[in-house]
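Right, I'll just put the structure down here and ask away after.
In order of appearance the chains are A, B, C and D, and numbering begins at 1 in each one.
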Amino acid sequence: MKKLINDPATVVDESVEGFGWAHADLVTVHRDPLYVVRADAPVEGKVGLVSGGGSGHEPLHAGFVGPGMLDAAVPGAMFTSPTPDSIAPATLAASSGRGVLHIVKNYTGDVLNFETAAELADAEGVEVRTVIVNDDVAVQDSLYTAGRRGVAGTVAVEKIAGAAADRGDDLASVASIAERVNANVRSMGVALSACIVPHAGNPSFDLTDDEIEIGIGIHGEPGRRRIPMASADEITEMLTTPVLDDLGLGGGEQVLLFVNGMGGTPLSELYVVYRKARHLVEARGAMVARSLVGNYVTSLEMQGASVTVLRLDAELMALWDAPVHTAALRW
Amino acid sequence: MALDVAWAVRWVRLTAGLVTEHRAYLTELDRQIGDNDHGENLYRGYTAVVARLDALEGPPAQVGDVLKLVATTLMSTVGGAAGPLYGTAYLRAAKVTGLDELDAGAVVAMLEAGLEGIVARGKAVPGEKTMVDAWSPAVAAAQAACVEGVDPVVVLEAAATAAEEGAVATDPMVATKGRASYLGERSAGHRDPGAASSALLVRAAHTAAVDGA
Amino acid sequence: MKKLINDPATVVDESVEGFGWAHADLVTVHRDPLYVVRADAPVEGKVGLVSGGGSGHEPLHAGFVGPGMLDAAVPGAMFTSPTPDSIAPATLAASSGRGVLHIVKNYTGDVLNFETAAELADAEGVEVRTVIVNDDVAVQDSLYTAGRRGVAGTVAVEKIAGAAADRGDDLASVASIAERVNANVRSMGVALSACIVPHAGNPSFDLTDDEIEIGIGIHGEPGRRRIPMASADEITEMLTTPVLDDLGLGGGEQVLLFVNGMGGTPLSELYVVYRKARHLVEARGAMVARSLVGNYVTSLEMQGASVTVLRLDAELMALWDAPVHTAALRW
Amino acid sequence: MALDVAWAVRWVRLTAGLVTEHRAYLTELDRQIGDNDHGENLYRGYTAVVARLDALEGPPAQVGDVLKLVATTLMSTVGGAAGPLYGTAYLRAAKVTGLDELDAGAVVAMLEAGLEGIVARGKAVPGEKTMVDAWSPAVAAAQAACVEGVDPVVVLEAAATAAEEGAVATDPMVATKGRASYLGERSAGHRDPGAASSALLVRAAHTAAVDGA
């Protein structure tokens, strides 16, 4: 394992410290407990947006703190949900009195820790609503699982909910917009290689040179099935078809097409995937109205990508288009 | 013999030792069907627990005080699924152990409360390939061993053995809770990391009692 | 070799096609010969800016086409300079009559091909000036080499020259601003792993598990020397110190600090590098006035990073801050 | 015998064949001290050359026409350093071969022009570990072999052998031009890919002449 780190035990702290210095115009980094908050938080008159989760998915979530998106992000240890004692203070820091929305990816650890944090914040008089993001169609039969995982669709939830909060929506409305995004977004991912968690030092799963994992999550978990290596177009079809089917996408609809890199795949390849995914969306008579291509929800240096499709209506499109100014997303 | 606050401190320190010793093993189990961090998470947590025990001015008064310290420390340092689950287990166990000494019945009550805490947070039932599959047989064995006048060591011995067997029994299970559930059938053939760490924890309680006898 | 591609022979075309669709609001992709040009090119009254080079460095250069930066980008084959017959038409497409600046990274192939293209454009009545970017301090003794390479500093040259063109500077002035940036920017990089060029299918150089290459370029060339793996802080020092020395950076000066990822290194690690590099800049009494951290000039999926420092004066800072709207850089 | 346009076409096709055959070898040489693409670049270029030759309505009139087609095709398809360098070599060679047939003297003039083109673009002198180190001895050998009435095949044989020796002689050199120069001392101990491909190119000229004899 070769990594540009000093010590697995300090990598998250040092990285977030560096992040804070590089983006001091946007964010303030609070140490002990560790969280990242808008430099101008709390923003008066606005519902606060807080997200968080294990580190290793950068730029998620700290890279999305700023006007038009999150008010605070709570980074946990690598691939490990943060604890209530950091989430709760971040929640308080994001609160200007109109309540706070927790945006939580659906993993047992994240759900439980945010749950406790919400109780703690509530005890301090801050009203908290929670939206659980669960866009990963790779997890089928949610009756027999911990439920669908939250993956790249989280970016859309954070962006659009952020825009809703920005225009002055109250907590219930922001939560319901976030739920609407979640209900209309689906993702599925592939890994060509595993990632290496710094403290573990070994690949999170073993893949031979001619195998890939279809239906991976973003924590180095193995995927749903292992198949022989295939072409970009074939792989893209394996990701996109379940996404479109599950979404029940029909002709004439408008979508955001988001091809997300897992960290170790070159941008040029993500555009090859985008090209085919776009073909597939258009083959259903739907229209790609907005696009996003890049490394936004990563698994350290994992090679791979995911395809996310969000069904857009006029309001969601306007909120997606609304100004955003964060380290990783800006327009 | 009855189990006092010194036993509780020994128990917690022994658990920390076992977690440290098995850190890589637990992480490797989690690599197979999870996200490669369970040993690391617990190591971080119990290292903090030991540090807080060491930093105490005077010794805690009662068993429950020790368990409460463990609960709050794990909750604030472990994260992931195991942090809140173990944290709640210790918290509930602490509530029923505000005692100077635990007899066999109190030991059973403590284990029952721990299991209740895990189930209350995680909603898992036995057979879902989680730590519940270590705790649940441990509680049942403790209840069965708890006859009139029995030494609490005997109860803990029964619980520890049952927890270990319960952990082994997770091997063939297909996970339906936690991260391993995403693997579906592929989760079979691997031991659940949380069940394995739970077995260490209960065994430490027994060893601490034997050491003090 | 596992890559999200269909065929090494078509990967560049397909990737650029996908890029064009994803960013149709910003760019038009011209096929055969292949180049990417601003959707609204030529922009009246503005000096045109054209860059290009081998593919595999994405988002460079196509990701920097748009208002405030490049007018056209010419992608060559993987790691291979484009040919004059694509550069020349791109130059004509970028020309609105005020002349065109070629921004060329200093590699024999790029220099020669752009040279011929400039002659061809000149024959069509388009005045061309060329700035050669050569910021890589890893190449010492330029008497005994093809000269310093152009690496991550290219982003600063393109951004700032783009802003100068945008404010209406004439060709000579834009060229002289570009030269000034080049004269004040230095970079140095490290590779933790080699990249794999699709057509070759094998790593561009061999590194064992405990070796790294210091002073690498961006084409998978081996570096200047191979050393045992070290900590992020030690490596960052090996990169930053030569950069600062060569720049002769003194106390009180203001700089842009740019930590660039080679493609396969997680963003979290780039911030760890940034943190240390910033310490080192500040230890000289200089001030980090602007920062950029991310994957901007990559070598496919290579793991590694480079540190770039640009000495800023008030004008360069204002030009850096000027609005830019491209796929990869936007503010 | 004298060398006519049919020879020129054979030469170019033979070169394309050798490049295809040695594509991986040339790329591997470039991997050692360059950027892992030289064989690929030339393969792309000569494949296009052959395609354009195949697409011609009638055969080209003169040797120079063939070489000009090669020059423009390589310039527009190879890219990198080799594209403009070889392109210019062929372009200059084309200029002095607007002839129906080449005698020994014309062969020498053609090789001289090619070398001049490479030097004009690349500014390398012998000993810098570039294709010049194959071309330069080839030209010298051709000049030496070019005595009154000699068969051009003899001149090409001398040139080809010298080019091959020249390529081998790049092995110990430390590069001071091209991408390999970035390696400094580490470039020694490897053959220059451009010199190796140049040797193939000159050998193809000779073989094409032998084949037509």
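Everything that follows uses one rule, which is that contacts are C-beta pairs under 8 Å (C-beta built on N, C-alpha and C of every residue); 3 or more make two chains touch, one makes a residue touch a chain.
Given the structure is predicted, the values throughout are model-derived calculations rather than measurements.
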Measuring from the mean C-alpha position of subunit A to the mean C-alpha position of subunit D, what distance in angstrom results?
54
Distance from subunit D to subunit B - Cα centre to Cα centre, in angstrom:
75
In whole angstrom, the CA-centroid distance of subunit A from subunit B equals 32
Listed in rising order, subunit B residues that touch 2 or more other chains are none
Chain contact topology under the given definition, line, ring, star, complete or other?
line
Full enumeration of touching chain pairs
A-B, A-C, C-D
Flag every residue of subunit C that touches subunit D in the complex, lowest number first.
33, 54, 76-85, 107-109, 112-113, 115-116, 138-141, 144-146, 149, 197, 199-200, 202, 204-205, 217, 219-222, 224
Could you please specify the touching residues of subunit D with respect to subunit C in the complex?
27, 31, 33-37, 40-41, 44, 75-85, 121-122, 174, 176-179, 181-184, 186
Name, in rising order, each residue of subunit C that touches subunit A in their complex.
1-7, 11-12, 14-19, 21-23, 55-56, 58-59, 63, 192-193, 209-210, 212, 229, 231-233, 235-236, 263-275, 278, 288, 291, 293, 295, 298, 300-301, 303-305, 330-331
